[in-house]
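Reading through the structure tokens given below for one structure.
A, B, C and D label the chains in the order they appear, each numbered from 1.
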Amino acid sequence: MEYSHSAKLDIAELSCSRDDRQLFSGLSFSLQRGQVLLLEGSNGSGKTTLLRILCGFRPADGGQIYWIGQPLAGSSYFADMAYVGHADGIKKELTVLENLRFALALSQPGHYSIEQALQKVQLAGYDDNLVQTLSAGQKRRLSLARLLVTHNILWILDEPFTSLDKQGIELIETLMDDHVKNGGMVILTSHHDLSLSHLSLQRIHLDSCL
Amino acid sequence: MSFIPAPISRFFHRTASPPHFYALADKLMPWLTALFLLLLIPGLYGGLVMAPADYQQGDSYRIIYIHVPAAWMSLFIYVMMAVMGGIALVWRMKLAEVMLISSAPIGAGFTFVALVTGSLWGKPMWGTWWVWDARLTSELILLFLYLGVTSLYGAIEDKRSAARAVSILALVGVVNIPIIHYSVEWWNTLHQGPTVSKMDKPSIHISMLIPLLLMAVAFKVYYAIAVLQAAKLELIRREPSAQWVKNLLEHKA
Amino acid sequence: MSLIHAFFAIVRRDLLLAFRRRAEAANPLFFFVLVVTLFPLAVGAQPNLLQAMAPGVIWVSALLAALLSLDGLFRSDFEDGSLEQLLLSPHPLSVLVLGKVTSHWLVTGLPLLLVAPLLAVFLGLPEQAMPTLWLTLILATPLLSLIGAIGVALTVGLRRGGMILSLLVLPLYIPVLIFASSAVDRAASGLPVTAQINILLAMLLMALVLTPLPTAAALKMSVN
Amino acid sequence: MNLESFFAMGGYAFYVWTSYGITTAVLLWNLFAPIVLRKQLLRQLTLKQKRTQ
């Protein structure tokens, strides 16, 4: 899968308030291929809200978001991004394989085949297990496998490390590392300290963006 | 918005900003009140005193001067809400959201008035308080539509989402109103009940028509006054800690 | 990647889900039969009274059964995050929504056709009205699902949206109720019903085109 | 035209005046409820502002 080389996310003067309280304002940054952005801030500082704005779920109160120089609505943004939030977005009455096939049907195929992806997230051999029989950590890994089988450049991850053990955390770090090395981008929130090998890690502290 | 010339669009944005709108509403208020009284008083005098009694219905027909304008208003306000809803959805204009939600109780009030006065008019005509007549039935359904709007707005906590929800609902409702109206009309002619369509048009004389029109316009002006008052409240509720509200408080103090 | 592919993937997934939860799937059907059973018990079992009321009773019950089943349309997708994923799909959401409504109708609306003859027998509806009853069910139950979808989409984010849902949706069901029950009523007395059927068909076509848009907009609002 | 017959409304006094009465009540309520509520809200906000200063 060829990435468009210029892929770039630009945020300009973004602001958002909730229940008459300003969460952040004048937030600007840009993210290029091969970069990771870590959002930090205390609880209620608007990390999740910012991610949901970036997913288009919530309108911002002000400011612009551009994908490859174009406003989101007219760009290929939604074909180029993928999101894993608090809810896994997988159906517990379906098998692992059925879930991934459905995700693939809604999107373009990505780098990895379903088989390879399951291998990577250490769920190989679980193909025909119903998701409700999986542990919380396995479910989370399955939702990450979705990122691998579908085409995407930008990953938006909300607290991806919750309900994962040490091994699982290392696994995600490897996945992100691979993704970024292949020219992907990641935006994530986390309470966990990141140990990524490369240097292009941006941090934004939302408490200071008022 | 590119198809709207820049000066006009700028004008709208300025007028639509909460402090400007708040001040504008205050400025308009005395004029609207004067206009309202100027229409209401001759309307009532003409309707209740000057106009002759109807040869069939006697003086009971005088309910027409509030029943019919209220029924018109109930529909008019719903259409206004849908227009506001469309503006709110397309241009994300906060003021349109505020006007929409401020209109709902007023519209529901007029619908209620149309129903109660229809029933009070019907009692001497039909001998019962309620007849499943096409106009009353449609009015009742319209009341349900209004109640849907107000209770949906109340139920959604985040008021920006609530305003979006209500905008969508108002648009869906306004598309359905003609369908509901014609289906009810059709149903009514099918099941010819004890309908006495005296209520429709008592071959209206000019001396009856003039007060009716005066009252209809008076009700429209009333709506303008009431919606501005409700919108002023809603604007402050929406952003109680905004700078313009602080200025307002200091100005008052 | 094509849109049609995505549409059918959704229909297939939702049918599979309904099959895996088949214990729940029959509930609207039982509800439909149960409500109809209540009427003779409440108003008395005089055959001519029941016969006169039959079209109305069947259609009011179908309306309530449809209303009851609506909650399941987006609820589980909303709770497990699948709805967010649908919103992020590059496909137009209104088409995906249409896929969900289609499978919802196949699971909850279509089975009503199966029990309709039973209810007609219960209420003494003349046999000549049966084809019309079926025809109105085929045309009008998808309408109920399509219109209802707007209401569910608006209330899916609410913890106690059930009451509000009925307040939003039932007034919009009134034209469907009027034309469908009147068609059955006329068929029972051997009168032609083409006008009613044509109107129902026109409403169905209109709803197919128009309702997915507000439903999609309302879902976006609910996910927020 | 005397006042008595005006109030009697040709025997329909109850229906006519109840209609006008209810209408007046509803319209006044919808007009003054927001005014009163806004005054209350502004008072509350003033108090709150004083407390924070």
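The working rule: contacts are C-beta pairs under 8 Å (C-beta built on N, C-alpha and C of every residue); 3 or more make two chains touch, one makes a residue touch a chain.
These figures come from a predicted structure and were not determined experimentally.
Can you pull out the chain pair that has more C-beta pairs in contact than any other?
Maximum number of inter-chain contact pairs occurs for B-D.
Specify the chain most distant from subunit B by Cα centroid.
The chain farthest from subunit B, judged by C-alpha centres, is A.
In whole angstrom, how far does the Cα centroid of subunit A sit from the Cα centroid of subunit C?
Comparing mean C-alpha positions, subunit C is 37 Å from subunit A.
Where the centres are mean C-alpha positions, what is the separation of subunit B from subunit C, in Å?
32
Roughly how far is subunit C from subunit D, centre to centre by C-alpha average, rounded to an integer in Å?
Subunit C and subunit D have C-alpha centres separated by 43 Å.
Just curious, how far off is subunit D from subunit A if you go by their C-alpha centres, in Å?
55
Scan subunit C for residues touching two or more other chains and write them down.
As it turns out, subunit C has residues touching two or more other chains at 224.
What's the complete list of touching chain pairs for this entry?
A-B, A-C, B-C, B-D
In their shared complex, at which residues does subunit C touch subunit A?
Of all residues in subunit C, those touching subunit A are 1, 5-6, 9, 13, 16-17, 20-21, 76, 79-82, 84-91, 96, 220, 223-224.
Inside the complex, what are the residues of subunit D that reach subunit B?
1, 6, 9-12, 15-16, 18-20, 22-23, 26-27, 29-31, 34-35, 37-38, 41-42, 45-46, 49
Once bound in the complex, which stretches of subunit A touch subunit C?
Its residues touching subunit C are 52, 55-58, 76, 78-79, 81-83, 85-94, 98, 101-103, 105-108.
Any idea which subunit C residues touch subunit B in the complex?
On the subunit C side, the touching residues are 150, 154-155, 157-158, 160-161, 164, 167-168, 170-172, 174-175, 178-179, 182, 203, 210, 214, 217-218, 221-222, 224.
Report the residues of subunit B in contact with subunit D in the complex, numbered from low to high.
Listed in rising order, the residues of subunit B that touch subunit D are 48-49, 53, 58-60, 62-63, 66-67, 70, 102, 105-106, 109-110, 112-113, 116-117, 120-121, 123-124, 222, 225-226, 229-230, 232-233, 236-237, 240, 245-246, 248-249, 252-253.
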